[in-house]
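Next come the structures, one after another.
Here chain A shows up in two complexes: once beside chain B, once beside chain C.
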Partner chain A sequence: MTTKNHDIKLGVSLYSYQDNYYFHKHDLEGCIAAAAGSGATGIEAFAEMMMPEWPYISDRFVDLWNGWMRRYGVEPVAFDHFSDRGMWKNKELSDEELVERGKLYIRMAKKLGFPVVRVLHHEHIGRGISPYRLTDVKIVEQLLPLCAELDIMLALECHAPTTLHDPVHQQYLDMAERMGMPYVGLMPDFSMYEYCVSTADVGLAVRQGATREILEFYRNSQREAYFRGEPFIYEEIADQVEKMNPSDLDRNFIGRQNHMVGTGPESLEILEQYASKLVYCHGKFYDLDQDGQVDNIDYPKVIQALKKGGYKGYISSEFEGNRRMNDAGWVDEIEYVRRHQELMRKCLAD
Partner chain B sequence: MYDKHILSDEGARSVWEDGRKVGYCVNLKINYYRGLPLCCVDEIALTVDGEEVDPETMYLQHNGREYPYLDILKDDFPTDFYWLFGEKLRVVVKKEGGIEQGRHTVSVVLKTRRSYTPTMVAECEKVLTFA
Partner chain C sequence: MGLQMRIVLRDILRKKSLKNYYLRGQVEGFQFEVFLANYRGHFLSTMEQLAVSIDDQPVPKKDILFCLNGKEFIVDDLKNQSNEFWNIAVPATIKVRKPGGLEKGTHKVGLTLVLRNPYLPKPGSSEPHSYIPINSSDEQFLELG
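And now, the complex of A and B:
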């Protein structure tokens, strides 16, 4: 029996089981049971996926939920917020209305026992993606007093192509410090640490008509650069790609991936520096290889950086391979998550 | 990617009153990873056997409520009536005589507004057997 040398716990975002729910193989209780069965102790959920009473919630549902937490030996860890600015066809929600909706999520999280709300902040996937102004720093500022009252932490999901130390996130932390309300913190999504495109994306693009040979050459070049310990510079292989006569689909795919993955994974030194202050982590993955490793993220190193940096909190499996692979048939989400939890447990034990 | 599952073959049939057909219905599932308020629907355009369905004759039934289709497109439509993830939205088309029992080609164009993307347009076409 080894002594535990970290304070990291493992959860599952029920997002991972979306096909099981959508096709009525498992209801909410079944998804919680699946998460518990994978060995996880934390549950991340979002209301609009699996809680039909949203945006209101009955005491009866709260009792059911609490009963499930007890029966399956798990705890609520994160509740997901969305920023539906464009709710009407011809009119956007005002800031006041978006603040009110934000409060709905925070109050519901409190009722269900979630200590963290993943807030869909304006820059979570970088600037200029959404046609709407989402939950920006002015709106978060108006949510913090309620967070302070209810003791709810807002987690800013930092997603590729942004980084942890990106100034777009720092402005929120500065504002919270100025207000003396430290109820907003950073949450890395492991998509930041992708070193190559996933096989799940390659497969989908090929089924939609892209050229397998070109996409695999691109992916292999990214992998080779990573394992050589060098940044991936697309311009160095651009000539070779051109010689393979890429179609528009191939070019679009490469352009998009160059934007998302860039020259390689974000710095693990930065992750280690920030680790002790992080409030939550999304263990993002799309596919696993035959050795049980995530096919495009170096989990052993990412988790080592979190351990060394003293992260205290949950890492939740967030499987996104379902929506990239389910056009070709049933994706066994339950088995993917089980193997992913096994991988993370192993990384934590090392 | 749920686009090909928007049209469901479950529950397609004529709608009856007093022993005669007064319309027909098809069931739709949302093609997104979460439910959306009905006010986030930009358009549901139905075509049956090549003929466009008049939006004024369409009624939506979901989660114990019924809404005239055109109402959900109005500004100020309540934001708390959700099209639940994985659950069927029943579209009833009022039409004297309903639909002939048997197989019909149905297609739908579904446009939805999602919080951080512009309107997403999806199409789904299937041959459905109407009861």
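And now, the complex of A and C:
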């Protein structure tokens, strides 16, 4: 879907179709076909979810995979690496073992034609929260020579509540530069640009017993602050929330969301500054409103920043609403992704 | 259990899977199939608890076999199986040794199955080896035809 004034392509993370896979409605080929049907040209996959032979991918499977790519007119764009550190009840993988595990993903990515391996570091959920190190800078350092040999780029997922210009991320880039091996780059997950809690989260919390009125008041206050162009300061509405007599569920919900969304979306100027150096993007979304907009992320502005900053690469739809809405009934992931691709195409054309 | 992950969208205990199994022409016990209640698969060494009850009677651990990828594992050996991967699209078979098996009709099958999420450390925990659990337990009335 490349047009004249940008070099951005659109993909789908098959994570988006997890219920279809789980319920045996679509197998791996069916999910690839659904992604192609949405208009996307790229596929992000993760082996632990949908590759039946994992971790022993046979040549026979590689042939099948390549055949699907050709048949559906798509290409592999990113392969997800998990840091399964806690492999045994009383023992974690050592750093050496985690490095070997990392190499397995890199080799498999190469075998399946993926140019990028997504890596997770332990601070993607926020600083100082995780007691374990996942794929940290020491481990990435040992993976870079193999990446250089096989020409595989590691994409460090930068997730809310961290930011792109967080020192947590900079140390990876500094290390790659020191080594002269530019095979790790940053990958923003659009959760960083959430300006309010999603309707999908509100719905789920209400079904679990939280108070709709309070959660909607909270969400509306976040939205109003965003559209006024001001940071959202929870303390300014805390008194009003208290007057509504919140339950523990309501308080936990608000506490969690204050941690994730904070005072509002991360800076789009920073995104624009970083854009030309980014290696991949996750087009995260949970719900779409009736106008086809993501209900809590300003996609037109986010994509504009990437375009203006000269981002070259893929943005993949990563639908996470399924897990927030499927307790209430079937969530049509395929339709959600199709509409999301439509929105991103429109944003790119503008 | 506190913070945990659990995806229950279909039956964990697979309907119509309860049957007696045979060894050398004799009914050696009964078996049923189980899906993992998660969005991704895991290595068997991440299993922390596996217990079975039948008609409210707990089954002794030594009589349980967990069968996957063409292999049978005793419960105590699961913790070592860090190379056996359980894909979410593939049910595991649980065999319970019980000479003579079960009678025809409806039986209440109880399954306790808890795994570790090996990439999701429990936030803020100071305990060693603490990860967010995945609860894949279930209880169903299954028909043995």
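Please note the rule applied: the second predicted complex is superposed on the first by the 345 of 350 C-alpha atoms of A that agree within 3 Å, B and C clash if a C-alpha of one lies under 4 Å from a C-alpha of the other, contacts with A are read in each partner's own complex, and residues count from 1 in each chain.
Operating definition for what follows: contacts are C-beta pairs under 8 Å (C-beta built on N, C-alpha and C of every residue); 3 or more make two chains touch, one makes a residue touch a chain.
Just so you know, these numbers come straight off a predicted model, no measurement behind them.
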| item | value |
| --- | --- |
| When chain B and chain C are modelled together on chain A, clash or fit | clash |
| First (chain B), second (chain C), both or neither touched by A:177 | neither |
| Touching partner for A:49 - first (chain B), second (chain C), both, neither | both |
| Touched partner set for A:92, first chain B, second chain C, both or neither | second |
| Those residues of chain A which chain B touches in one complex and chain C touches in the other | 15, 18, 21-24, 46, 48-50, 52, 54-55, 82-91, 120, 125, 129-132, 134, 323, 326 |
| Complex contacts: residues of chain A adjacent to chain C | 15, 18-19, 21-24, 27, 46, 48-50, 52, 54-55, 82-92, 120, 122, 125, 129-132, 134, 323, 326 |
| Of all residues in chain A, those that touch chain B in their complex | 15, 18, 21-24, 46, 48-50, 52, 54-56, 82-91, 101, 120, 125, 129-132, 134, 323-324, 326-327 |
| Chain B residues touching chain A - in the complex, by the definition given at the top | 1-2, 4-5, 29, 33-37, 39-40, 42, 63, 73-77, 79-80, 82, 84-87, 113-118 |
| Residues of chain C defined as touching chain A within the complex | 7, 9-10, 39-43, 45-46, 48, 79-80, 82-83, 85, 87-90, 116-119, 121-126, 129-131 |
